[in-house]
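Chain IDs A, B, C and D follow the sequence of writing; residue 1 opens each chain.
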Amino acid sequence: AQGVQTGGTLKISFPGSPRLLDPPITGSAEEWIITSWLYNNLTRVDEKFNVQPDLAESWEPNANGTVWTFKLVKGVKFHSGREATADDVVHSINRILDPNTKSRGKGGLGPIAKVEAVDPYTVRFTLSQPVADFPANLALPYARITPRETKLNLNTQADGTGPFLLKEFVVGEKVVVERNPNYFRKGFPRVDQVQATIYPDSTAEINALKEGKTDIMWQVRPDQVPLLTNVGGIKLEEVPTGSFVPIVMRADQPPFDNPLVRKALKLTLDRKVIVENILGGHGVIGNDQSLPPNNPFYDTAVKASVRDIAKAKQLLAQAGYPNGLKLTLYTSDARVGMLPLALLTQQMAKEAGFDINIQTVPWDVFLNTVWEKRPFYINNWFARPTTDTSITPFFTTRDKGGSLNDYYYSNAEVDRLLLAAQAELNPQTRKQLFGKAQQIIADDGPAVIPFFKNNITAYRNNVEGYSADPGVNLLADKVWLKR
Amino acid sequence: MPDALLGVDALSIAYRSAKGETRVVRDLTFRIDEGEIVGLVGESGSGKTSVALALLNYLPRGGRVVTGDIRYRDQSLLTASRRELRRIHGRRIAHIAQDPASSLNPALRVGLQLEEGMLRHLGISTAEARNRALALLEEVHLRGGERILQAYPHMLSGGMQQRICIAMALACDPDLIVMDEPTTGLDASTEAAIFDLLRELKAHRRLSVLFISHNLAAVRGMADRVVILYGGRCMEHGPTTTVFVRPLHRYTQMLLNSLPTMRGAATGDIDMPWQAARAPAEGCPFRDRCDLAQPECGQEQVLVEVAPAHGSACRRWQELPAFTVTVPNAANGGDSVPGDWNDNDVPSPPGREAVIAVRELTHRYRNSLLAAHSRATRLSLDKVSFELRAGEVLAIIGESGSGKTTMARCLVGLAQPHSGSIVVGATDVAALRRRPLAIARNLQIVFQNIAGSLHPRKRVGTILERPFLLYERRHATDDQLRDLAHSVGLRAEMLEKRSGRLSGGERQRVALARAFAPRPAVIVLDEAFSALDVSMKMKVRNLLQQKQSELSASYLLISHDLPLVRSMADRVLVLFQGWVCEVGQRRIIEAPPYHPYTETLVWSALALESLKPSTFELRPETSADTGTGAAGCRFHQRCPRKLGTICEREAPPQRQAGPDHTIACHIPVAELATLQHAEWLPRRGAEAVS
Amino acid sequence: MKALAKDPLFVVALAVLTLHVVLALLATHVAPYPFDQMHYDAAMKPPSTTYWFGTDRYGRDVFSRVLYGGQITLAFGFGAVAVCFLVGLPAGLIAAYFGGIVDQVIMRIMDVLMSFPTLLLGLLILIIAGPNLVNLILAVGLVYCPRTTRVVRSAALAVRQSTFIEAAQVRGERAPYIIVRELLPCAWGPIIVEFCIRLGYAILLGASFNYLGLGVQPPAADWGALVQEARSYMVRAPWTVIFPIIFISTLVASLHLLGDALDEWLKEGDVA
Amino acid sequence: MLKFLAARIVYTLAVLVAVSALVFVVTELLPGNVATMILGTDATAEDIARLTRLMGLDQPPAQRFIHWLGGVIQGDFGESLRMQRPVGPILAGRLANSLVLAGIAFAMVAVGGLALGLVTALNEGTRLDRVLSTLAAIGTSLPEFVTGTVLILIFAGGLFSVLPPSGYDGFRDGTVDALRHLALPACALAVILTAYVGRVTRTSVIDALRSDYVRTARLKGLSERTVVLRHVLPNALVPAVTVLFMNLGWMFGGIVVVEEIFVFPGIGRLMLFGIAERDWPVIQACAVVIAAVYVFGNLLGDLAVLAINPRLREWTA
């Protein structure tokens, strides 16, 4: 780009602290961002959900998509100076697959049967089922490429191929990284140093940005937006994401085994009020299926239900509940938006005859006794990195790949459409398949997905090359500072 | 009249309370001359302390001098500024408070407390103050010098604390000392020793003292002049010798009439009514209780000068029946017992059956679980054996801490003896956890705090009915309750009142009535008199005696009040540190031979009444654990007649001193008798009573 | 009693307490709206004639919520104190009456409970039992029962020394009779004072738990939970926290002042 | 004296072990499964079983307790399940912050409470006393979340914006900055206790003023200053100091709330984090440390009282 200035220190604030830097066992957004500065994946997913090359310069599936062969960029060096080769890739992937690593990424990579180094610059993955999105899976933060042997403790130290070298890491306080002069993408990174400071308290974080102590405030909560709007020298930016807070209606148990009841509940909600109230408007209305509007396969023809109490009442009566329905809605206040959604749902559905009693439980109780067990609760999902994982595991029948289907929803047509789309390599056909599935899920589906959250970020005017990201990315290597 | 050192003129004191102002002292006038000891006598609540504090211009919150004046030499103390007062307090007028233990600051060393007054008033150096402090300790007979000065108050015994208080008062050589009941709370022998000290000081220093007490005997022995206070008014005042011999106020007469003594008693026999609920505001405050009261007694009282320096507030002083107290003094002391009004003089024959037989009773206090390591293994009762015979009064005497109360508690089952037996009827109750009701019924106790043994929230009727419910499982009839009330002089209306709303005297009678209700065979009286005013004491005593003959009950009378014991008991048992040193007929406390310990008790009592100076060298109580495991006589460390090492090494034999009289001592009985007679006689003339 | 009626602090405190209790009892009638009704178009409105205490982020009427919150607050206050006394009264009386080993055992147990910081013990109980009103009551009650036991014990101990208790023992009365009929009636004074003070502290502690989110279930909220709910926007909408704060402070202060006044009165006045 | 000290310390340690055991039992009873917590919603049953075994959670509780207690004695509090790092160092940092906060608040309570008590007692019955005493009575009714909230509303954003409502971060930006951040939380923590200690002090000073020994001292003609300083204070301080230290524990309870309000990186918030995340090693460590501060506070209180009051010193000899 023209006029790019290099050098300087980029100062970023995070609300939470990274604890561990060993990629397979990382678990928080901050950790994923920091490791993305220190390591590379084989691929990466851009802000439009398109897969881009990273350490792999190209890849090729076999005809039915069960064998994928990746060619690596040559001459990429770890910070320690050794070249990164196919063996390191195999090692990294196997570490994730090894149960002893306790990696959360194990399930997300896909049905990998075998990973092998064909030659120093070629890696071959054999899958037990075809997966169209497989290259995107390799962009998961767990799948960063680490050296196959190292003397370092990767939890607190790092040896990657990434754009920055780890200089200082104080848990709960800060992470400092320095420009990797040998980075394989020439011209990057642009700044000499990145300082990430942890501000557990958002007020202090906002003040720091205002005072210029930091350049980027990576994450702004919706309720903090008023504090940063119209502040001189600061830009606010937001982008829709695929994170959503669904109301779960178990489709295999009364009363929600009856699609009419599900539909009735969907009709009671005023989604605009909900988005306004919970997110302060910083989100987009959802249409009860999980593919977010910013996804290339999102079908704009599928409309969200509009509040219609009369209709809802009528459906309820039709379903056999003319005098209303008494329900217990489980939720937890451990994650943003879950409790307010319950409260709003309770109030809005009341008019149609839903008599909802709210039970708030701690997160662990939620995971142990509510999630996948109760018939009616509010859940929370972060954005999934690929199209396929954004919808298929949620709505296909449980034993047919519906690993996240806590709705116990089973619809043969949806199964057929989604599984076909999963293996389909042709984007056009794929889009059609996904579109049809979305329509059915929105109408008949077991979830109320009233909104998708926006990611909101704030930064000072002199920051260039940075923008809000729909995923969990902060591409510090692209950012430069205007003087 | 020469200038008084202190003149109190028409003093009235009032306290503010929620109900308004109550006058507690009215129109009190008296004076104290240099070198004079003035006794201020009155029952509890008569306003003695209030007067004392007013003299110091230090009334407690809510209290104020309403009228009158208090002059120290030429200066009015009531109008003096705080600075002036500070110069007078301690330096000119010193104060000794009622309770030595609480008057000393627990957080400061005794030395500092003794010296700080001197440092403030006398302008002397610390070293000088220290020297003076040591001298003062000598003067109040505290040996130990520096060690005592370094001690904190709690390390000293009550007697030592009181001596420190006296030393503190003497420190700046004041002209006047106000002593507010300086010996209440101390036991008899300590009390006697303190009085000795005061008398000695009186002789050595030309002290003026306002000596406040309700102990008539003590005042008689100490004071040059007395002021008798009742209901906040002066009833009579005059020289001790006159007032106590020919009292000219009916109240004074009654007081003296009630006073039992070691060697004699007043001749009259006035039946004083029970204490009135509240003294009337106008007129003679005593008229409600006065047998000679007339309507005009309700008119304003005037103090009449009946003789030079002798005033009486009784309207009818001229008409009072003749009343003379045979002043008991050494001259008519001796072995004769004049005016002994205890007609129950027939010794109970040894053959009478025993209602309670106590054998080898041993008791020790187990302290709390945590303090188990402390060496508190001293026995509070050590193999005590005696029997209580039907219809007799057996007195247990002994100094404080000798185990009297423990004995009583074991008898009634409030304490568990360690070993030994208590046979009541045919049952050994010593080891029983719960006694059969029949035994409990037959063994009632009257506590020291008689009034406190009533539940304050219950109606009198309910309280009196309880024995019937408990022992006979039936409700009492109204008649029964009424009779019970009448038997202790209570009106039937009282049955409806809550006991908390009764006057002290009424409560005492209710408690007695309850004890009598089940017609018990034995009543234990644990210091049932010590908290009572003189007049009340006699009322209760008379009631008890009357009831005893009615019920033919046996009494176990526990007391350290020897005169009282002498007036009631048939037999006496002397306890020292839980050990019986002497037991026998009442006369064992009237004439030698005594056990040396009994001897000291008797001498203390005599000394208190100034019948005998207690020149006796009572060895001070030592902090050393006497008696622990010592094979010898328990009393040897304090024994005035100690023979030698035999006393330390061998337990004394039980010697028969006569029919039904045992003394545990190494000295043969005959020898004791001669020794004690001999010593009594020469000393009689040695020091005259002043 | 007359003296008490003249004590201005006592009168004011009693009046405030009564007002609180009456408002809580009549909340359904006094409150202009249901406590959970949301006025979507009137979120975070300052106090006005329609919404006396303003509204919160969901447009719920703060006045109505405060009134209903009072019900919950008083409910767990009284509930917890009831638990305290259910345990503490018998335990304290028994410890005081029997003394010795019984006393030691009871009081050592209480000591261990007491060696937990109050909030910590409650937190632990609440995380095992799970947060809801009943558990909150139990937790607060349990946390405070050693203190109540101590107060009851020492009040009873003072009476225990009285001669009339010994008189009853000598008479042959049984322990339950003595404890209930003789000991208890005389220990009431300090026990009532303890009741007032304990109620105040129970409300404070319960509200603190609610403030930490470990209490009643939303949308119901006591005053502590009301403050907690509004924490993130209280600077922008201070009315959402100010009113619950005023209510809890006045309630607890009235209880404490009441306890003080009673205590003073018991100390000065005659016991009869 | 020494014997007493030893006994007292042994007692303190025994209480601590009892507390630890209780905490351990309590965390045993927690409904959640730790392994599920770590693995989250993506885990399979086998994953959970494996992790449970890996972390030794399948061993009998008694064995784990002894193991854990052994570790605690050596300063090893185990590893945080959420943070997967040793709890010890995290705890140390947080505890240091909390101790700074509690220390400042404690100093405020000690000075403020004793002064309040002394001033009201010496002016007993005057208008000043009545006003201050009523304020103190109200002060004891203000829980930390109320004082904290009000302080924020007044000083940090509502009326004025003179002090930061949060963001304490140790002394890395200098002492002044740190103190500015500590001001509000310390006040919030101190108010209720200052009022309480003030009231206790008032009562005990009044008791001392009415005592016989003070009367004796006054009647010796001593100056008012000597009377108050020498005779009243040493005795009156005993209950006040006892209460002061006894309330260290209260303070460490209150600190949980205060840290939550002011987003203070102390042990209280760590504990809440542990609770929210069901991170039992963290909960246990925090609970034990808080309890330790509490029992040692009481111990300190006893010692302070002993130092002041010779009679007690003697009793315990």
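Observations on the model:
Basically, contacts are C-beta pairs under 8 Å (C-beta built on N, C-alpha and C of every residue); 3 or more make two chains touch, one makes a residue touch a chain.
Note that the structure is predicted; figures quoted are calculated from it, not measured.
Of the two chain pairs examined here, A-C and A-D, it is A-D that is joined by more C-beta pairs in contact. Work out the mean CA point of subunit A and of subunit C, and you get 47 Å between them. For this pair, subunit A with subunit D, the centres built from the Cα atoms lie 42 Å apart. Remark: subunit B and subunit D have CA centroids separated by 52 Å (rounded to whole angstrom). Subunit A and subunit B have centres, each the mean of its CA atoms, that are 92 Å apart. Residue positions of subunit B touching 2 or more other chains: none. Residue numbers of subunit A whose C-beta contacts span two or more other chains: 362, 365.
Under the contact definition stated at the top, the residues of subunit C that touch 2 or more other chains are 127, 130. Taken pair by pair, the chains that touch are A-C, A-D, B-C, B-D, C-D. Here subunit D touches subunit B in the complex through residues 210-223, 226, 230-231, 234-235, 308-311, 314, going by the rule given at the top.
Per the touch definition, subunit A reaches subunit D in the complex via residues 19-20, 25, 99-100, 102, 104, 106-108, 155, 171-172, 199-201, 203-204, 207, 334, 362-365, 367-369, 371, 404. Taken in their complex, subunit B has these residues touching subunit D: 56, 58, 60-61, 85-91, 94-95, 97, 99, 102-109, 113, 116-117, 120-121, 152, 154-155, 165, 168. Chain contact summary for the complex, subunit C toward subunit A: residues 36-38, 40, 43, 57-58, 127, 130-131, 213, 217-219, 232-233, 236.
Listed in rising order, the residues of subunit C touching subunit D in the complex are 9, 111-112, 115-120, 123-125, 127-128, 130, 200, 204-205, 207-208, 211-212, 224, 227-228, 231, 234-235, 238, 241-242, 245, 248-249, 252-253, 255-257, 260.
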